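Okay, so subunit A shows up in both of these, paired with subunit B first and subunit C after.
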Partner chain A sequence: MEQYAILSTGKQGALGAIRQFLTSLLEKKLVNALLVPLELPTGDNVVPTIVSRPEQIQAANPLAPVLPVNAARLVSRITLLSPSPEKLGVVLRSCELRALVELVKLKQALLEKLLLIGIDCYGTYSIADFGKLVKESKSPTEDFLKRAREGKEDPVLRRACQVCAYPAPMGADITIGLFGASLDKGIWLVAGTPQGEKVVQELGLEAAKGEERQSAVDKLIEERAKKREELLKQTQEAIKGLDKFMATLATCINCHNCKTACPLCYCKECFFDSPVFEFEAKKYLGWAKRKGALRLPNDTLLFHLTRLNHMVSSCVGCGMCTEACPNDIPVADIFRLVGERVQKMFDYVPGRSLDETLPLTTFKEEELPDIGV
Partner chain B sequence: MAEEKGFEPVIVGFFCNWCTATAADLAGTLRMQYPPNIRPIRAMCSGSVDPVYVLRALLGGADGVIVGGCPPGDCHYVSGNFKARRRMAILKTIMTTLGLEEERVWIRWISAAEGAKFARTMREVTESVKKLGPNPMTKDWSI
Partner chain C sequence: MKEKRIGVFVCHCGLNIAGTVDVARVVEQIKDYPGVAHAEHYIYMCSDPGQELLRKAIKEKNLNGIIMSNCSPSLHLNTFRKLVASEGLNPYHCEVANIREQCSWPHNAEKETATRKAAAIIKAVIEKLRRNISLTPLVVPLTKRVMVIGAGVAGLQAALDIADGSYEVVLVEKSPGIGGHATQLSGTFPIAGRVPCMVSPLMSKVASHPNIRLYAYSELEDISGYVGNFQVKIRRKATGVDEAKCDNCGLCLESCPVKVPSEFDRGLTDRGAIYIPFPEALPPRPVIDRATCRHFNGGECHACEETCPQKAVDFQQEDIIAEEKVGAIIVATGYELFPCNGLAEYASDPDIIDGLQMERLLSPSGPTSGEVRRPSDGKVPEQVVFVQCVGSRDPEHGVSYCSRVCCMYVAKQAQLYQQANPHGQVYIFYMDIRSDAKGYEEYVKKVVDEERVLYLRGRVSRIFRDGDKLKVWGADTLTGKSIEIAADLVVLATAMVPSPEAKELARKLNIIADQHGFITEAHIKLRPVETLTSGIYLAGTAQWPRDLPDTVASASGAASKILSLFSREELLHDPTVARVDNEVCRGCGQCVAVCAFQAIELDPVKKVARVNEAICDGCGACAVTCPSKAISHKNWTARQFFEIIDIATAEYV
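Our next item is the complex of A and B:
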């Protein structure tokens, strides 16, 4: 059961209150370090950082609308070999948290000694668009929040965010709640687990009901669902059929950036970077002879189809693949379109729960009667 | 797609060692006739057939692919075929969504005792792929 408390904002605003909350976590030794986005001195970007000294929190900005990397990748990086030796708080957006849950199931991250701090997310811009916002505005984060909370459509938001199904984090110990809160008064701290409740108690915050948040979440989800339906329809029309799909992949240069940016593509050595794909010259010439010509680098379609097969059941829709593509191939749209269907087939929501087994590692005896007779 | 005159499809079969490949042996021992379009590859289990193998075949020259495993519940490794079934369901969903002729991919459960079913299935898959015509993906130089 979720327990709500109020983190009052007053003059310092939402960001100030969040910084104060994070600082007190460190000062009261409720965590020994925090993984949180910090504003770079140049101001142009906000990057994930491990902060151990409370003073550094003054540059923390988990509200800045930019997601340079899906931080689940970083949590995996930190905890792959051994669990964190000290209490580490990780501040994650919903898609990052869901990716982390998937990575734990894939045995690529360990949650021991982690305090999962989720944050309500209005969406993010690409790094370039965030850079523009920083140049145009004196207080980019506040301006963005204000606009987002007016509920108007923001065409600059990354498409993955415009169609996000889960803007509110799932499974966090504590969630920093913005939805439905009046920011000049206070924001929510929502304890989702006993560990989270303990932290809220230690901070001695005033309890609240938080119904406003739930209705605001429902409204946002509904809006995004509408947008998603629209986008999926467009995507389907744009890519269906070999010719159209190849036209979509026309500018792919096989850089594999989408694979590198994907929080869930975890293989230490990707099959596509393995010696399996080192061929004798006569192979290339043979293929060219059979088809009349051979596009190079080859196996563009095979790469994307295989990545779909391997990853789509766990795709959390963070859209990092599209961001990483140098040639604007809508990789995330394709993954969303296929992902919706595949995930529905197994009634699976990636990152919803640690107790739900990955679809590819389990089965039901009575299912899929159309596959094989 | 219209049936091309004289078109003989290439069909790659991934057959599990314990059931479908054994059924193929049985069909041979029983001198049952089936079309020579099948290029059989023995896999230890249908569960070991990664979709990438199926795709590799389809993109590299095959007009159809058939994956054969033990009937559900009878897997030599207990549950490999159940996992294969999920993988193939995902593969087919992906192909359907992208409009890539999922009907070129067949999955059949043929036990070691079913030599006749093996021969019949090979006839069926050959006829079906013949009707579909040549696989456009094998000719496209730009994929």
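Our next item is the complex of A and C:
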């Protein structure tokens, strides 16, 4: 059961209140360190940083509408070999939190001693668009929030964010709630687990009901669902059939950036980087002879299909793959289109709960009767 | 990669291959393929002269890789691998290119295409063979003990055969006594005989056999391991009676104030909460049924404890988990009957009984001492109606299959009733009579000819109570007339269904149960007493409805399979199993989840997958699941597949 408390903002604004909240977590030793995005001195980007000294929190900005990296990947980096030795708070957006849950299921991260701090997300810009925003505005984060809360469509938002199905975090110990709150008065702190409740209690905050948040979330989800329908339809049309699909992927240069940016692609060595894909010259010439011509780099289609095959049931739709593509291939749109269907087929929402096992490696006697295996 | 000197041997298989594939042209096309040092064709490669050709070529051409292009590898791969090994080569450098089942047979109308395809198949296998590594079979220890689950006739016979073969047997039976449903039967067919005369000696032989350890009132709790090396945990349910003290005097049985329907008499009589299933039951000791015992249900009752002169009743007794190590397992979990009230058209009535209840009524040791009396008022019935195929051959209301024993036992029951009640009248509704074993047809004919039995071909639409009688509405499809009978007793020959626990047990044992719950055999014709999990066999009606002769035959079949397994000192396991590249493995555990054989675990320290090669069946599920292909299949690597696919698809891309 979720429990709401109010984090009053006053003059310092929402960002100030959040910084104060994070600072007191460190000061009161409720956590020993925090993984949180910090503003760069240049101000045009944020970088996830492990902060252990409270005064450093003054540069923290988890509200900045930019996602340079899906931080689930970083949590996996930190906890892959052994759990965190001390209490570590991790501030994550919904897509990061869901990716983290998937990584835990894949044994690539350990949650022990972590305090999962989710944050309501209005969406993010690409790094370049965020840079533009910073140039144009004195207080970019506040301006963005103001615009987002007016409910107008923002075409600059990353496409993955425009169609996001889960803007509110799931499964966090504590969520920093922005939806439905009046930012000049206060924002919510939502405890979602006993651990979260304990932290909120320690901070001695005033309890609240928070119905406004739920209805605001529902409204946002509904708007984005419409947008998603539209996008899926367009994507479906754009990649229908082998020819169109090949054309969509035609500019792929096999850089594997999408794989590197994907929070879930967890292999130590990608199969496509392995010697299995090293062939002798006569093979290449043989293929060219056989088909008349061989487009290079080859195996790009196989690479994307394989990544779909491996990752799509767990894809959280964070869109980092599209961001990473140097040639603007809409990788995330393709993953959304296929992912939506695959996940529905197994009634599986990646990242929803640790209790839901990975659908492709879970045996059920009665499953997919239509396929008739 | 060290270049192999490959020999290709193309078999005609008489005209099976050569009638479709131009074998001479295939040899022409293959002989210059990279790596091929020799190629020839011959009428029957598996024949002695064919094998001699192979031997000669290996020696003369100094071959170290062999492609046999002939029939399916399941037929002759081992033949040729043995030969290759006897010539000093590692047998895993011999492969079969299947150009019969996968080429000449399906393409027998397309000679040109078939010839091209045969060459492509051979080239593909050459590419695989070039990348094969030498392997040695794994040696696995063999525990020569057997666990038999279920002590009905099938389990008893199998246990006895194995024990007589001088191996130890652990016999596990869930109910308090051994013998199964056969102990309930009144007589046998086609030769009239008393079942006790058949089952009792079997029971006592098993109970006193020095090689058989009996766990009655026990169930399989847990199992791990693999063929030759199963570790099993058996839950010995608390009987509440100290075996060492009890002298089976029976005083406790009379003292018990509880009355519940007797399973043995199928509800025709009552038993106490402390009970023995039937007087001659083995082992001869009572058990306390805790579900119905007053002591265990909030009461203060100590009746049996106070009565027992031996002070053998022990309410404190707890379940014991016994651990046993066995090398093979026989599943003989038997059958139950489709419920009498399973069809809405037939009323629930004490005088509508099933076949086993009728057996109890006909049995000299039964509740009526063998004189058929109807359960409601003890009257001897004069009009008796039998209905065959109740629930069976009826996929809409029951099960689709034929229950196989009903035609025969109905004839037997009709005969026994008629002989004792010459003035009674028997009606039998049937769909058709299935009497397809030795002496069965003659037996049924005798009943039809000699007894006052009216066989009516047709189904019964309704049965309901009408005063003192049961109204049976049916149809005689031969005369096209509808029939109404006022019966005193109705016997429903309900379908045999598998034991309800069989599905759960199958899951534990990692074997397959079909949609009904019957255990699935490895091959319905060629491996009928084996399951797909090696080391686990099946016997009796756990597999399918069977009568006693078939049950005993299948039990002895399973036992003989195990005796032949035990004729070896150790087991050899195919080495084409999964292997893990520790450098690449990320320890995600997806391979662990998909392995149907529980052959993979995660190394807690290195955090990589680890394969137990002795359990690995080489199915490859892990290899296709692993995203980085850190786990792969020996001699079936991803690269080998790529090469095969590359050649197989060459004409199409």
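Everything that follows uses one rule, which is that the second predicted complex is superposed on the first by the 369 of 373 C-alpha atoms of A that agree within 3 Å, B and C clash if a C-alpha of one lies under 4 Å from a C-alpha of the other, contacts with A are read in each partner's own complex, and residues count from 1 in each chain.
Throughout what follows, contacts are C-beta pairs under 8 Å (C-beta built on N, C-alpha and C of every residue); 3 or more make two chains touch, one makes a residue touch a chain.
What you see is a predicted model; the values in this text were computed from it and never measured.
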item: Joint occupancy of subunit A by subunit B and subunit C, clash or fit; value: clash
item: Partner chain in contact with A:Leu358 - subunit B first, subunit C second, else both or neither; value: second
item: Residue contacts on subunit A - larger count, subunit B or subunit C; value: B
item: Partner chain in contact with A:Ile239 - subunit B first, subunit C second, else both or neither; value: first
item: Partner chain in contact with A:Ala281 - subunit B first, subunit C second, else both or neither; value: neither
item: Touching partner for A:Met1 - first (subunit B), second (subunit C), both, neither; value: neither
item: Touching partner for A:Leu301 - first (subunit B), second (subunit C), both, neither; value: first
item: Which superposed partner A:Lys291 touches (first subunit B, second subunit C, both, neither); value: both
item: Where subunit C runs into subunit B (options 130-138, 292-300, 616-624 or 634-642); value: 616-624
item: Subunit B and subunit C footprints on subunit A, overlapping residues; value: 271, 290-291, 310, 360-361, 363
item: Residues of subunit A touching subunit B in the complex; value: 236, 239-242, 244-246, 250, 271, 287-288, 290-295, 299-302, 305-306, 308-310, 312-313, 334, 337-338, 341-342, 345-346, 359-361, 363-365, 367-368, 371-373
item: Residues of subunit A that touch subunit C when the two form their complex; value: 81, 106-108, 266-271, 274-276, 290-291, 310, 357-358, 360-363
item: Footprint of subunit A on subunit B - complex, ascending; value: 50-52, 55-56, 59-61, 69, 72-73, 79, 82-83, 85-94, 97-100, 107-109, 136-143
item: Complex contacts: residues of subunit C adjacent to subunit A; value: 583-590, 593-594, 602, 607, 625, 627-630, 637-639, 642, 650, 653
